[in-house]
Structure formats: C-alpha cells, structure tokens
Amino acid sequence: MEQVIANGLYLGAQYALIALGLTLIFALMNVLNFAHGQMYVLGGFVVYQVYGLMKLPFVVALVAAAATLAVLGALLERFLFRTVIRRSEREESTMLLAAGIAYFLDAAILLMFGEKQRGVHKIVSGVFVWDNLILPWDRILVAGLAVLFIVAFILMMQYTKPGRAMRAMAQDRTAAQLMGVPVQFYGLVGFALGAMLAGLVGGLLVTITGVNSGIGGPISIKAFMMVMIGGAGVTGGAIAGGFILGMLESVGLTVLHAYGDLTYLAIFVAMMIFLAIRPNGLMGKPWG
Amino acid sequence: MTDPILAVRDLTKRYGGLTAVNEVSFDVQEGEILSIIGPNGAGKSTIFKLISSFVTPTRGEVRFRGEVVSGLAAHVVARKGVVRTFQETTIFKGMTARDSVIVAHHLRSRASLFGFFFGTAAARRDEDAFGRSADEILDFLGLGAVRNELASNLPQGHLRALGIAIGLAADPKILLLDEPFAGMNVDETNQAVEMVRAVRDRGVTCLLVEHDMAAVMKISDRIVVINFGVKIAEGTPAAIRADEKVIEAYLGVEDESIGL
Amino acid sequence: MLRMVPLPRFAGEETGACCFPPPCSEAKRGRGTTRRVVEGARRSALGYLGDEPMSRTQGAGRAAAVAVFLAAVFVAIPWAIASTGRTDLYYTLSSVALLAIASGGVWLTFYIGRINIGQGAWALAGGYASAVLVATYGWSFWLSLPAAGLICAFASVLVGLPILRLRGVYFSMVTLVLTEVARLTALALPITNGARGITSIPTPGPIRLFGLTIVPAFDSLAEPNRAFYFLSAAMMTLCFAGLWRLVHSRLGQLFAALRQNEDLASSMGVNVPLLRVVAYAISSFLGGVGGAIFVAIAQSIYPSSFTINDSVNFMLNCFLGGLGFVFGPMLGTLVLYFGWDLLFQTGPYQLLIYSGSMILLMLVLPNGILSLLNLRRRAP
C-alpha cells in the first residue's frame, strides 16, 4: 500500500512538471502543443548524450537539456507559431503546425539517436528501505528534483515580474497588452519555459526508465489527460492532474496487474465520464 | 390589472459564495417597455440569463404566460417566444447580415430538416418566405443597405441593430435587450430608441437592461432598479427619478459607470 | 497503415479535376457585382463556404466541374491505369478515396466548430463491425457496410452526447483519447479477437436483384482491386455529394450558425445539443463506412489498423485542403497521401522531409491549399 502511494507520488511529480509546461504554453499562446512529448524525448536524449556518452556530471547534462529545449522552444515560437497565428484565419491552424513539428522532431530524433531504447547509469545507487516500503534512492532524488522545479516555477510565477506578466497575459491577453505587457516577448518566454520543463522531465526520467525515440506521442497524450483532468491553462490544475494521473496509474497497475492495458482503458473511460460531468476539469475556467 | 406576460418570482442565483441575484420579483405586462437598471455587477445580465433559461435559478421561478419556464432548455424557452440578445455584440461573424437573419427564422420553419436536405417544395417555399421576411426585418431596422455585408465588417451601431434583427426573426413575444445602446453616441442612441419603440409597436414586449439613464428615462414605461442583486425600487420613470433609495445607490458609485 | 506503395506516376490526375475552374456563366446581376459573382461561382463550385453571399447563378459551371470530376475518376484514371499497366495504383487510389471519406466526416465536425482528432476510433469501430458481421455471422458485405456506418453513428450519439458539451482543446483532447479507447477496447474484447485481430475476411459477394446479378462477386473478378477502386470512388463521390448538399441546405446553415456562436443560436431557439450530435453522428457514420471498406480490401483488421496517427492525419487532411471548402478534405488526403508515397525514395529522411514540407506549407498557406483561390481573387 505505502509502496503504491510512494510510486504514485514519484510518478505524479514528474507528470505534474510535464503538464505544467503544456498548460503554460496553452494559457499564454492558446496553442495545444502536440510536440510536448517529443520535447520530453529530446531532453532525455540530450542527457543521454552529455551524461551517458560524454561522461560529464549529471547537473551539466540537465542544464544542457534545459538550455537546448528552451532555445528550441523560443525558435519555434519566434519563427513558426508567431507567423502562423498572424496569418491564419482560424486559430486551430496552430494545431496542424504543432502536429507537423511533432512529426518533424520524431523524425529528427530518430535520425540522430536511432530507434534503440537508451539508458544511462544510475545517478545515485542504493535503496531506501523502511518497513515494507522499498524505494531506490535515485527515484527519491528525481522526485525531489521534480518537486523542487515545481516549487521554483510557482514561486517565479507568483513573485517575479515576468511571472506576473505571464499570469496577467493568461488571464486576458488584450488587457495585459493594454497594461503595457509586451505580450509577444512573453509569448516567446512562455514557450521557451514550457519546452524547457518538458526537457527537464525527460532529462530526469532518462536516468530511471531510459528513453526511446517512439515514446513522444504517448507522453503527449498523457500530458493532455493531466491537463484535462485539472483544467486547461491553470497552474494548480496541471499539478493536481499530474498527481492524480500518477496515482491512478500506480493504483491501476497494481490492482489490474494481470490485465495490462485494461488500466489505461479504465483510466480513459473514467476520465471521459468525469469530463462529461465537469467539462472544465477540476479547476479550469469556462471555455469560450 | 391583466395577467402579466412574464412573472418573475423570488428569483435567486448563487455562484459559489456570491449571490448575484437575490429574491427578485417583478411582472412584465404585455406590450410595455420595462427597463432594468443598476450599477455594474448588480446582477442585471444574470436576471436575463435566468429568464431566458441560459442558467437555472438557485431558487424562485419565471412564468411566461402563466407557465413555468425556468428549468427548461434555452432553445425551448426561445421557441415559446422569450428571446434574448446579448450584452456583448454577439453575432454570427462569418455570415452576411441577411444570412444571419435568415438562419434566425429557423423556428418558424414547417418543413423538416430532411426536407431541406432534399430541397422539397415545402422547404423551398419556406426558404423564399424566410428571405422575404429577413429583407423586411432588415429594412425595418435600417439595415437594408448593408444586408449583404459580412457581419464582422459592420460598425457598432449596425451590429446592435443586427442583434435586434436576429432576435426579431426568431418571432419573439417578449424580447430581452441587454444594453442595446452601449457604445453609441447621442444620435445613434436616439435612433436606437426609436427602433425599440417601433419593435414594441409591432406587438413585441420589450425588456431592457441599460446604463444610459437619459435613454432609459425616455423610453421606459416602467423601471426596475437592482443593486447588489436585490430589487430596491420599481415604478414609472418619474417615480424612480425621485426615489431616495435609488439616488443613494447611485451616489455611491462613479458617475461614468451609470452614464448619468 | 496502408502506406508503403510504389511511386505513382500521375498524381496530378485527380488534383486536376478538383481544381478545374469551371467556365462560369456570366452573372445576371448588377454591373458592379459581376466580378464578384463570377468569382463566387468559381469558388462555390469547389464548395467554398466562406464569407461571401452565395450567388445562385452558377448551375452551368457547377455541372461542368462535376462532369469533369466524374469523367476523371471513373473514366480517365481507369483508362490511364489500364494503358500504363500500373494496376497497383488502384489500391493506392482506393485508399485515398476511403481516407477522404473519413476525413470528410472530420471536416463536418470542424464545420460545427469542433476539432475532431478521434475519427480513427470510428474507422476502427466500423472496420470491426463489418469484419465481425461478415466473418463471424456470415453477413453479406453489402449489408454489413451500411450496418457498420449505422452502428458507428449510433455509438457516436452515446459518446457524443456528453463529450460534445466540451469545447475547444478539451474536445480535441478527448477525441484523441477516444482513439486510444477504441484500440484498447479492440484489444480487450473477446469478439474482436484481441491482438490477433480478424483475418481472412471473405471478399464482397455478389449483389443480385430479381435473379439479375448487378454486382458480381469480387473474388470471381480478374482484377478485384479494380472493383474495389470503383466501389471506393463511387462511395467517395456519394459521400461528398451528400456533404455538399448538406452544408448548402438549411441544416448546413444551422451548423454554420453553431460554429460561429452556439449561445446566439440557442437564443434563437436552435436545439444546439441535438444538432451537434447529428453532425457528429454523420461524421462517425462516414468514418465507419470508410473503415469498413478498408477492411474489405485488406481482408483483415487489427487493433492497430487505425491509430492516433490516423486520427491526426484525418484532421491534417482537412486543414491542408482548406477548412472553408467541402472538397478540401479530398484534396488534402490526395496530396498528403501521395506526398508521403513520393518521399518513399528518400528512405530514412521520408518523415523528416514530409513533416518539414508540411510545416513550410503551413507557413505559406496557413488556410489550406484551396485558399489559393481566395488569394487570386484578392490580388486582381
């Protein structure tokens, strides 16, 4: 039992961080980032390259992953999303663009890193044992780092000037613009930040589950689910959604162990029923 | 007194801890122009949403010609003849003025939707009749010249008129107009006031929410004043002007927000 | 899915038919509006539904476009294939036609203002419905085809009633998840035979009416793929004709009203929830029909026959062709499918170039290929 909860929390911390990035991009740009999972995968491969192959310290690798993804996110916003948003008649067009980018990153990652499952050696070894609870130290460390990043993100959004500007922008873009917030610039910052969060989680989790070029899509879908459960565009919602999904997976995989895929079927169906009752998720604002 | 066309009884709406509308009751007589006024956030638009059944009341009820309509689906209430327009200029952006009004005739159609799919004779007859009726309504509201313009290209005044035209096309018995004069200058407002009078003279009872005091005083047969979700006064324009509670309520707020 | 096929030589064939500007009858309207009416005629013949008053003087132009289209699909293409011996193209073009049908369904949900990334679920459901009816219960394929469509339509009413209340990205994300639900359900149910799928499904039998054979059994034909091509192309023509009629009927006008403003529509007395479900049911019907024919061609179906990738592709087909055009999904499917096939020779770079050009296309033509017609009008 404790084991199930501990696993749920560990998964939840990672998921929450992924969902935060997705929801940030959505809140600021009204873009559903289909390529979020691919950004996660890219982060994993950067750490694999720097930490696993080049044998540099893990911290350096993690910073490299964050920086790579932040730059990638900024470039995508500046040169692709901004243009399409400006030119298109319907804002849904960004979905096509995002889907195209997802395919593109998939292809690029496959070409650069091949299709093999890649892992790196443990960042710390040993196992934490307490009563019947058994947790490897590296999982605890990774979960701790994820929580640390979440807290840092919340603090930044609450107390720094860019954070306040982005919150204002998420509330009401036009009003924020009238108040003098340079919305274009913060759109770029938000995109970079969202991509960076995805890369950070990828970089953290590669040390435990490894990474392969095919998991981008499934990760995106999980991220979508978390955001839907919690409510799109809301920080608290993303965090709640992440932990809820983590917990559900942990419980489901234990209870429905024998049936494998049934866990996800059950989660999906439960989520659709939940959304039928609460169309805006737990904390989402009414849409449209 | 005759039976009211619309009777609002103890209408209450709570959003979480906030009581947006609190125990409001009033009657609307057939053929009158009744205005609801009050400061911003008083709960006027919420009353409209409750009457038109876009939201369900926490307590209380709305009767239209004696029949309880609160709790029914919005489109059912609209078909009975309680039609609302929106505070924001809400229109079909991608359609021409004429097409928007034609679409709004949907209620009156006798041919089935599948009749329309296959273009049966009844459907074609309806189609023509709707076109003629739409033209008539557009001319009536002074939109004849812009009937083939895209709605999204129309100026503010025309948009308000188009909102009313769409409402009229749905064949209302009572039309709820949410701030029909907002964003208009004096000339435009005067024209719009005449427009609302003309609508009433067609036999449509009008219920207004409005900020523009001058216009309200000019146009209304009776006025209901709402403050913090509560009805604080009801009466003729002259009586409202002299009412102390009203003056008090309005003195507490900035002039601009009530448009005095 | 059914992608890795040899390089086609004349992919432009059908495109030509699609883009053919019909000779417009000179308008009988006022002087100043002539140009606009003519342009309107040209674009409305292509099913453009945009921001212009629909002119009603384009009968001739439209008829010509339809005639050219029919001649190309049912005469020119079979003739060209016969004379070049590239019979493999029958299979490719059948796939395009079927995917276009499913995309047409997605287009209809776009038309009511919902971004549907779940058509793969209905294609899969339709495929399985037909497969089970034919292989397990011994139904004729010809009966199973409408049955598959109706089963999908019915199921989509049940699913649609709750999820169509969702808007914007919520609806999109839920439909995306729906594709996964369909796949996992197919894996879990006994009747679908789990991961092993259903194989060796008999080909369509004959249709006999009053002792007359109207359609021969497909396995008695020398070239079953040719028969499948005619079947798919005919179904595509039928479905798009139906769609075109639909959006130009009153129902279509109401659908457009929903897309533009659901609240306003319901304030006029439009039964918004009902219309949304009707549109979604029609959309799923098309998905199911497309899936069912696909299964008949492949003679097998697996849980992975239609996946999230297919759902996304259906959506992309609509975007790429142009959401403002009824025939957009047809063109989009053709271009994406052949684009992908053409890139086959680039080997490992196929996906990279494919997605790269998709991104480029988005930058250049963010409103779809058919929006080129609008550009030409704006720059006189």
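Here are some notes:
Note that the chains are named A, B and C in the order they appear, and that numbering of residues resets to 1 at the start of each chain.
The working rule: contacts are C-beta pairs under 8 Å (C-beta built on N, C-alpha and C of every residue); 3 or more make two chains touch, one makes a residue touch a chain.
Bear in mind the structure is a predicted one, so any value in this text is a computation, not a measurement.
Across the assembly, the chain pair joined by the most C-beta contact pairs is A-C.
Relative to the C-alpha centre of chain A, the farthest chain centre belongs to B.
Central chain assignment: C. Criterion: smallest distance from chain C-alpha mean to the mean of all protein C-alpha atoms.
The geometric centre of chain A is 46 Å away from that of chain B, both derived from CA atoms. Separating the centre of chain B from that of chain C, both taken as means of CA atoms, is a distance of 42 Å.
A separation of 33 Å divides the Cα centre of chain A from that of chain C.
Across the interface of their complex, chain C is touched by residues 26, 32, 34, 80, 83-84, 87-90, 92-93, 95-97, 99-104, 106-108, 110-111, 217, 221, 224-225, 227-228, 232, 259, 261-262, 264-265, 268-269, 271-273, 275-276, 279-281, 284, 287-288 of chain A.
Within the complex formed with chain A, the residues of chain C that make contact are 110, 115, 159, 162-163, 165-170, 172-174, 176-178, 180-181, 184-185, 187-188, 308-309, 312, 315-316, 319-320, 323-324, 348-352, 354-356, 358-359, 362-363, 366-367, 371. Here chain C touches chain B in the complex through residues 50-51, 53, 245-246, 249-251, 253-254, 256-257, 259-261, 263-273, going by the rule given at the top.
Considering their complex, residues 52, 54, 73-76, 78-79, 83-86, 90-96, 98-100, 102-104, 106-107, 109, 113, 116-119, 123, 127, 148, 150, 152, 166-167, 169-170 of chain B touch chain C.
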